[in-house]
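Two complexes come next, and they have one chain in common, subunit A, joined by subunit B in the first and subunit C in the second.
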Partner chain A sequence: MVLSILTAIGVMTALSGGLALLMVIADATIGRYGPCRIRINDSRDLEVEGGQSLLSTLKNEQIFIPSACGGRGSCGLCKVEVLSGAGAILPTELPWLTPDEQKRQIRLSCQVRVKRDLSIRIPEELFNVHQYQARVAGLRDLTYDIKEVRLQLLDPPAIDFKPGQYIQFEVPAYELTDEPIYRAYSVASGPDQHGEVELEIRYVPNGICTTYVHQHLKVGNTATINGPYGDFFLRDTNRDILFIAGGSGMAPIKSILSDMVHTKNPRRTRYCFGAKAIRDLFLVDEMRAIEKQLPDFKFIPCLSAPDTADVWNGERGLVTEVVDRTVTNLDNLEAYLCGSPLMIDACVALLKKKGLPEDRIFYDKFA
Partner chain B sequence: MNEPASLWTILFAAIFTNNILLANYLGMCSFLAVSKEIKTSFGLGSAVVFVMTATTALNWFVYHHVLVPLNLVYLNVIVFIIVIAAFVQLVELIIDRVSETLYTALGIFLPLITVNCAILGVSLFMIIRDYSFTQSVMYGLGSGIGWMVAILAMAGIRQKMKRSRIPRGLEGAGITLIIAGVMALAFMGFNGIL
Partner chain C sequence: MKQTPEMDRIQQEMHPGIITQNGFLGDDSRHLNDMLQEQDAEIQRLGLTHEQIAARLAELRDAGVQGLGQPVRVEPHFEVTADSVRGRLPCPFMHGVTVGKLNTTIRNLASGETITVTDLTIHLIKDHGFYGGHGAPFAITPEHLARFLELT
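Our next item is the complex of A and B:
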C-alpha cells in the first residue's frame, strides 16, 4: 500500500520534473535569441536580449508604449511602426489593424517578438514617458461619484508634462482582476507642481480601475503610474479659447487653466461645463478664483436636469444648447473639448455647423 | 467492435462516423472561437492534426511502458495532460526557431490547443478501445483530420452567413452551436457506410 503510493508519487515527480527540466533546457538553448539591436527613429540604438515581445523589451529599456491589456493582444493600443525585422503580420494582430495600417507596417508591439535586429519608429514624445512610483497623498470626494486622487511622486520625484496630457494608472491584481491592468486618466494638476499629480476619477459600477480607486485605495498606499501621453494640450496661438467639458472631463481643462494662471496667459477664454444637477457640479469655487486671476476668463456651468430642490440662477439646458447660445463669434476661436464620446460628438457637430473649421477643434474622448 | 478493426476503418470512422467534434462534442471552445475565417481555421486545424497524431503516439508509449508496468493506470488523465502540455510547448519553441512562415501559419495556434479537450479525449479513447500502437496513431490522425474537416465546414458556413440576418439572441456562439448540431446529424448519416 505504502509502496504503491510512493511509486505513484515518485513516477509523477520524475515525469513532471523531467519534462520541466526539458523545458528549461529548451528555453535556454532553442528559446535563446542572443543580443539584438533595436534601431529607433534612425537615431537611437538599443542593445537588448532577444526572445521577449517588443512591448516588454521596450518597457525594460524605459520606453513605454501605451497599452491597456498588459500585452495579451486584446486592446489594440500598443501600435508601433516596425520598418524591418518583424516578419509577416500575425493573425492575432489582424483584427486591430486597418488595411492602411497593414500597408504602413504598423504592428502590435505586444505580438511582435524580438528575434533579430529591428528597426522601429515611435513618436518622439514617448522618450519622455517614464514609470513613476508614487504615494497617495490625498483623496477627496468632488461629487458623489467623482474622487480626486492626489499622488506624490517618489521615484522619479518629478514629472514633466504638457497640461492636458494623460498618464496611465496601474491597478494591481485584486478581486476584479488577476493581473495588473492600466487605465488612462488626464492629469488635473498644473505642470508647475512637478512633484505631484492630481487625477479625477469617476466611479463606474464594476469598472476595474474605478472600483479599485473608490473602494480600495487609501491615503498612504503606493501607486505606479506611467506617462505622460496624448496630444490634447493648448496650442500656442493667440486665438480665443473655448473649453467644453462634462464630468471628469474637468481634469485636463483644470490643468490647462492652472498653467494659464501660472504663465499669466491673457487670451480670451470661455469654459462651458455641463452637468445634470447641482450635485454633479464641482470645483466651482476654484474656477471662480481663476476668473479673478486671469484677465479674460469666464466659467459657465450649465445644468441640464436640475433637481427640484436646486437653487440655480445660471445657464440651463444641455451643454450644446448653452454653447449655441453663448458662443457667437467664431472667427478667432479654438475649441478644446473633453468628456464622454456622446457629448464630444454632439459638440463637434454643432461647432462645425456654426462654421468652426475642423482643424481648430481639439478633443479628448473619455471612452 | 468485436474483431480487430482494420487501420483504414479506424481512420475513416475517426474522420466521419465518430468525428471527435461532432459525435463527442469535444474541442468545442476553440471550435467556437476560431471558426470565423477559413484561413485561420485551416491553420488551427493543421495544428490539431499534428498535435493529436504526435501526442497519441507519445501517450501510447507512456501508458504501455510506464503506467501499465508500474500499476499506475489510474494516473492516466493527469499524466496525459502533462505530456501534451510539455510537448506542445516544446514544439512551439522549435517551430518559432526553425521557420518563420511555419510559425505564422501554425505556431501561434499551438498555445490555443494545449488545453483542447479533444486532444486529451483521443488519448483516453485510445486506452478505452484498447488500440495497438499503429491503430492509435491512425486513430489520432483520423480524429485530427475529422476535427479539421468539421471546423473548415463550419468556417465556410459562417463566412457565408456573414450577411444573413440572424435573430439577435442567437448571434455568435448560439447559432454556431445550432449549426454544429445540424452538422452532427448530417455526419450520423455516414454511419450506414461502415
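Our next item is the complex of A and C:
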C-alpha cells in the first residue's frame, strides 16, 4: 500500500517535472524562428534572425521604412509590398489597406512578423535612406511654442536630400518613454547645407518627442536621425507656385525657398502663411529677405484672430479665406501645402472648388 | 471587486505600449471594473450623464476644428485649438472602433485652466464611461471635467 502511494507520488512528480521542463523549453524557443531570408526587389537577399517585425528587422539591417507611430500600427505609413511569406492580413492592418492594396499584397511592415523566408518589394529610394549621428549645434525659440533645432551631422558628415523632404528624429528613452521612438520632421534648411539639418518643432501637450525637444534637449547633446523621406518637393515645371502653410509647416517651404534662392529660380511664387496672432508669426524677416532675392516672390502672412494689442495691416482671416480672396488665376498654378491635416484638407477642398486639378496640388501632412 | 476575463483583456490593452506609448491607466492599480463603477457613481452624484460630458467636449472640438489648427473663441469664454496628426487608434474596449488622432486643447479663459482631450477620450467617455486611470495622459476625473466645462 505504502509502496503504491509512493510510486503514484513519484509518477506524478516526474510528470509535473517533465511538464515544467517542457514549458521552460517552449518559453525559450517559441517565438524564435531561427535564420530567415528576406529577398528584396528580386535583387538582394538579407539573412536575418526571425521573430521581430519586418519593420524592426529591416531597420536592424539599416533599411529604414518611414513610420510615424513607432511600429504600433496606428499611422498606416510603413506599407511595403510583401510578395510571399507574410501569412494572412491581420485585423490590425485592415483599417489601413484599401481593397486594391490588399490585392497588391501591400502590408504594414510593423505588423508583419518575420517567421519564415519573405519576398518583398520596396521603393529603390529607400536604399538612399541612412542613419546619421549628429550634435545639437543650436536651439532657438521661433515662437512661444515652436523651436528651431540645428543639428550638425557627425557620422556620416553630410546628407543629400530634396528640399521639402523629411527626416525621422530619434527620441531616446526618458521619463515619457521606456524605449527609443522616432518622429518625422521636415527639414527646414536648404540642401546646399549638406553638413547641417535644421528642424522646426512645435510643442504638442503630452507629445513624447516635442516634450523631449522643448524641455530636455540641450546644445551639445548627441542626436540620431534617419532619412531623407517623402515625395513633397518642388516639381520641375514652369508653372506659377502657390505655397500654403501654417505653424511648423513653414519648415519644408523654407527649405524649398532656400533652394530657389540658391538656384536663382525665376518662377512666380506666392506664399500664404496662416497664424492666429503676431506672436504666432516667425521668420518674417527671413521671408522679406527672400522677397528681395527672388525676382517674383511675395510672402503673405495672414492672421485669423490678432490679439487686441497687435498692430496689423496685413491680411486677416483663416488662410483658406485669404487664399480664396487673393488667388484668382489658377490656370498655370501648382500648389504646395504643409501644415495641420485639418488645414490641408480645407485648402485642398478650396483649391479643387476653385478649379485647380488635384494632380497639381502637393501636400505634406506631417506638420 | 473581481472582474471578468474579458475585462482583464481590455485592461491589458490599456497598458503602456499596447495601443499608445503611455497607456490609459497611469499609476492606477484598481481593476478596470472598479474604475468604471467609481467614475459612473461620480457622474451620477453630479446629476450628469457621460453623454452630456462627451457632447459638450464634441461641441467644443467641432468649433475648434473650424480654426484649421489656430485657436477659436467659443462662448461663453473658451478658447479651443483642434489639431490632428496622421493615423487612427483602436478603442481599447476592442469593439472594432478606430478613432482619428485629433487633439483638442481647451482653455477656460475665466479660470485660466487648460485641458487637452483626444477624440479617443471623447469616445471612451461617451461609449464606455471611462475617464482614464489616475495619472494617465489625457485622464481627467468626471468631477474636474464637469467643473472645467461649467456643467455643474
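Here, the second predicted complex is superposed on the first by the 287 of 367 C-alpha atoms of A that agree within 3 Å, B and C clash if a C-alpha of one lies under 4 Å from a C-alpha of the other, contacts with A are read in each partner's own complex, and residues count from 1 in each chain.
We adopt the following convention: a residue touches a chain if its C-beta (ideal position, glycine included) is under 8 Å from a C-beta of that chain, and two chains touch if they have at least 3 such contacts.
Bear in mind that the values here come from a model prediction, so they are computed numbers and not experimental data.
Trainee: Once the shared chain is lined up, is A:C75 touching subunit B (first), subunit C (second), both, or neither of them?
Mentor: So A:C75 only meets subunit C here.
Trainee: So which one touches more of the residues on subunit A, subunit B or subunit C?
Mentor: On the superposition, C touches more of the residues of subunit A.
Trainee: Touch test for A:V319: subunit B only (first), subunit C only (second), both, or neither?
Mentor: Touch partner of A:V319: subunit C, not subunit B.
Trainee: Looking at A:M343, would you say it contacts subunit B, subunit C, both, or neither? Reply first, second, both or neither.
Mentor: second
Trainee: Touching A:V204, do we find subunit B (first), subunit C (second), both, or neither?
Mentor: Only subunit C; A:V204 stays clear of subunit B.
Trainee: Under the stated touch criterion, which partner chain does A:S4 make contact with: subunit B (first), subunit C (second), both, or neither?
Mentor: first
Trainee: By the touch definition above, which subunit A residues appear in both interfaces, subunit B in one complex and subunit C in the other?
Mentor: 92
Trainee: Hey, which residues of subunit B end up touching subunit A in the complex?
Mentor: Where subunit B meets subunit A, its residues are 39-40, 43, 62, 66-67, 70-72, 75, 78-79, 82-83, 86, 89-90, 93-94, 96-97, 100-101, 104, 108.
Trainee: Which of the residues in subunit A come into contact with subunit B in the complex?
Mentor: 4, 7-8, 11-12, 15-16, 19-20, 22-23, 26-27, 30-31, 87-88, 90-92, 113, 115
Trainee: For a test of understanding, state which residues of subunit C touch subunit A in their complex under the given definition.
Mentor: Listed in rising order, the residues are 16-17, 19-22, 65, 67-73, 82-90, 98, 101, 103, 105, 116, 137-138.
Trainee: Which residues of subunit A touch subunit C in the complex?
Mentor: 68-70, 72, 74-77, 92, 95, 176-179, 181, 204-206, 208, 246-247, 274-276, 280, 304-305, 318-320, 339-343, 346, 365-367
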